[in-house]
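Both complexes below contain chain A, partnered by chain B and then by chain C.
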Partner chain A sequence: MLEFLSQHALPAALVALGGLALVFGAVLGFAAVRFKVEGDPIVEQLDALLPQTQCGQCGYPGCRPYAQAIANGDAINKCPPGGQTTINAIAGLLDVEAPELDAEHGEEQAVQKVALIREAECIGCTKCIQACPVDAILGAAKQMHTVIADECTGCDLCVEPCPVDCIDMVARETTLKDWQWELPSPNGNLIATDRVQGAAA
Partner chain B sequence: MSEQHSTQSTPKIWPLHGGIHPPENKAQSLTLPLGEIPLPEYLVLPLQQHIGTAAEAVVKVGERVLAGQMIAAAKGLVSAPVHASTSGVVVAIEKRPIAHPSGLEDDCIVIETDARDEWIELVPCQDYTALTHEQLLEKIRNAGIAGMGGAGFPTAVKLNPRANQIIDTLIINGTECEPYITADDILMQTHAEDIIAGVQLLAHMLGQPRHLLIGIEDNKPEAIAAMEKAAAGTGICIRVFPTKYPSGGEKQLIQILTGKEVPHGGLPADIGIVCQNIGSTFAAWKAVRFGAPLTSRVTTVVGKALQTQRNITALLGTPIEHILRQHGFNPERCSRLVMGGPMMGFALPTTAAPVVKTTNCILAPTEAELPAPTPAQACIRCGMCAQACPANLLPQQLYWYSQAQDYDKLQAHDLFDCIECGACAYICPSNIPLVQYYRASKGQIRQQEADRQKADRSRQRFEFRKQRIDKAEAEKEAKRLARKRAAEKAREQQSTAETKPDPVAQAMARVKARHNSPEHSPQHQREKLERAVASAEDRLRNAREKEKEKGTVTNENHLSPIRFTIT
Partner chain C sequence: MTDFLVILLSTILVNNFVLVQFLGLCPFMGVSNKLETAIGMGGATTFVLTLASICSYLVHTWILVPLQLEFLRTISFILVIAVVVQFAKMFIEKTSPLLYRVLGVFLPLITTNCAVLGVALQNTTKAHTFFESSVYGFGAALGFSLVLILFSAMRERLAVADVPAPFKGAAIGMITAGLMSLAFMGFSGLV
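Up next, the complex of A and B:
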């Protein structure tokens, strides 16, 4: 056998390559079993990028279901709370072109909102408590309800079920703790051109 | 290396990378001696004058307080209490404008002063060596001392290094490198002995570090002379080094005096060094020796928009407008009012803001002194900013990444090692406000981090809620199933009960069977009754015969045969 192979180059090459293929196949097969990843890591990664407002504006009942849907091929531009930043991040992760936000699902909000219950008007129906996706509303039947502002994601879902319309979405106030400097605004054209002067005139 | 700077005869100064030489402008506030100003009508004391958690008010509106009385207690470990600077009545605890670039308001205690300046009883201490480390720490902590160089880090925290941090060098920062500011300079000139005593106190608290260094820039000859005189024979080494901005940064001063670099993300205590400001040292000494809390500080009031330029001892909480009024402030000549120096200070949004523990300077410059920044031009990549950076960063790269909002790259280029000294922006030939970009980017990164943490919490809450709902649903389902199973079981039992002998049913059956038996048929009954009639007739006949034999028949009719009719 060895003698035959040493005499004939082509069968020798075939045997060698075939042998290598078998060895690597065995190694890969072992690795696939030994290092098997539970769950779908891409869904986890997508979920980590989504803003976790759990608002359902994308049409799915929460961020994780939407992450699952994206992994299954849904459009990535259905998340208004995340806005363009989130779309860009997801596009980066999936290595696709970043589309504009789909206006059908809502518009990106410039300021963060937080729900506020007008407590004098609350009748204690618990409908908002059931609607809140992150359990950020405190209260019990026939007792006044209130929003835990720190936990509120501003998803809006509690406003609609309220039978007495006592929930407002108000802008989150800037405090000394979260105030920050702003980027300097770029100051346009320093050198006056004929075009600018013409436009001004 | 350590051998070199332990020998006092040849003190070595290590070079600092970068740095700039802006006009010093220190002379104008030193022409007059340290002054005092009349008591303001109101004092506004913010609850947060330090880095860390805000203090918590312990007085009520309407309460009369004495000077030195604690009006807000420290909350948590990294915090500092607030004391009344003079006697008076608390008239409000509310949000007031404070000295902050945002112009936002914060919780303040407002005291209407009564001009009597009555103090609480202070507890002096003749011999601090008799006290334990904890007692001394407590004294400094209760005095509300926070880093008076500008950062406002609670002093007591720095004086309590972790067990694994062996402190071998204590550095007292008398550099005061920023233009215009002379508060530490004048304090060293006037209170050199107290400061030296304070250094000895801090050294005692830190377990007598091997090296006790006081770093002073060479543009303060009078302060150096005073300090050297006071320090003679104490083993404390006065280190004089050439003036350069920003030598007074904590990390920069450590590098100049010891040649060591504070590691990225670390603290000076990690390399065995504690650094304290001149003003904090002085305040710590007063707190321990005289029991006096921090109620005032030396502040430089300077700028050509003022008639008088000098240093004053300002009570904490003094509204800045009151100080300006005392110094002949001309708002028309002032380009912008700055708290802190021209390099690292910020424009005050309102003159109602009070002096706080970190207010080392109030700068009221004219337009000529501190002109408005010229419009920024394009970066020409000259690299002068990198040469000027004292932290060895690449300001120009940071600028590009800030513009692109590429936060990963910014962090990779150690944006958070930037001390925001402004040397790069000062040197920039294109007048790009570089520090503004860095501050904004740092804020953005912190915000992102906070958002991420909040998102994680929301995700947890959402998943927990889902779990709870699923569990409730599963429980309901389980109950439904259980009920269904129970019903099925009952039905099954019923069907088996019919086949099994049941005593009641048996009795019923017996009764029924008896009813249905031939004995109970009407025919049988008739026979039975007919038999009974026959036997009764027999018995009657017998009775008649017996009567006849006796011959006493009384009533024939009465004994007539009874006719039974059976149907």
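Up next, the complex of A and C:
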């Protein structure tokens, strides 16, 4: 076989090139299966960092579309519910400078809010149900609505559409599960030298 | 050891692929508008060129020479380069999405970079050994990245410089490249 090939150039060329192409094709085919990328992994990672409030304050319909937009080069400081913590985390992932939160899209809330419907005033119009991105409002046409507090992300989106303004954003109540010590205030007298300097001044 | 250093020095400075041998001029002019893209392109080319010169050496030594098919080397090297580029793209996309975001756009461009084919062909004409071939490829890629980054740094400044209207854009780029090439002639005779 090898002898035949080395004496006849034309079949040798065909076999060599054909064989090469076949091997390379097999390698690429194997690589396409072995290194298959499902979706854009960077989008998954970004989506995991976003707060999943689906509030749309960034200008995109939800957290995942915003993650997609960041992957395509959008600014990372458009997420008020996530606040500076989320911006820092995304900046860390993408290895860029962490910018300040863009005030145009809203301000970071100090306390977590939850929507509360004043049920006596509700007329059962279902407009807030359609506005809720996480399906946290329960109710039907001409029936009273109520908010499932555990599902509510505090995104504000249901307040605007309510025709009788019966939805309030109230601070989320602290339960035994999520209670924690308050952080010491940064300008308090934490250590002995603080007090000495305060007294001297 | 000194042989390898000589090859490195020769490919990076003396026989620079872009400025002395005039290979790979399309990416040199094309992606040198911004420093960041130039660095990305340099990285991607270094990766692919080293790998491609190793693979072409193997194909040449173990397939083409035993079958006395040296006349097929151009087409088989093109095949090798295309496969290496495609494979590198898939591998990087899977293993390092961040690196893929930096290099991604430039990887397919390298298939058409004639410096890659030039290195593979020169390896055979100069009868390099395996290690010489890989160092030659690596050095060529380093030289390419070096001048690409230098050139893009200059073009970023040229973009805001007060250039006479007829010379704006690509024209002044060509002139700059010519001057750089002249400057690199100063290295001849170094090795």
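As a convention for this text, the second predicted complex is superposed on the first by the 149 of 201 C-alpha atoms of A that agree within 3 Å, B and C clash if a C-alpha of one lies under 4 Å from a C-alpha of the other, contacts with A are read in each partner's own complex, and residues count from 1 in each chain.
Please note the rule applied: a residue touches a chain if its C-beta (ideal position, glycine included) is under 8 Å from a C-beta of that chain, and two chains touch if they have at least 3 such contacts.
None of these values were measured; they are calculated from a predicted model.
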| item | value |
| --- | --- |
| First (chain B), second (chain C), both or neither touched by A:D156 | neither |
| Touching partner for A:W181 - first (chain B), second (chain C), both, neither | first |
| First, second, both or neither for A:G62, with chain B first and chain C second | first |
| Which superposed partner A:A32 touches (first chain B, second chain C, both, neither) | second |
| First, second, both or neither for A:L5, with chain B first and chain C second | second |
| Contacts of A:Q54 with chain B and chain C, given as first, second, both or neither | first |
| Partner chain(s) touched by A:F24 [first = chain B, second = chain C, both, neither] | second |
| Intersection of chain A interface sets (partners chain B, chain C) | none |
| Chain C partner contacts - residues on chain A that touch it in the complex | 5-6, 9, 12-13, 16-17, 19-21, 24, 27-28, 31-32, 35-37, 40-42, 71, 94-95 |
| Residues of chain B that touch chain A when the two form their complex | 48, 100-102, 104, 106, 375-377, 402-403, 433, 436-437, 439-444, 446-447, 450-451, 454-459, 461-466 |
| Chain A-facing residues of chain C, complex | 59, 63-64, 66-69, 72, 75-76, 79-80, 83, 86-87, 90-91, 93-95, 97-98, 101 |
| Touching residues on chain A, where the partner in the complex is chain B | 47, 50-54, 62-64, 133-136, 151, 153, 174-176, 178-184, 187, 190 |
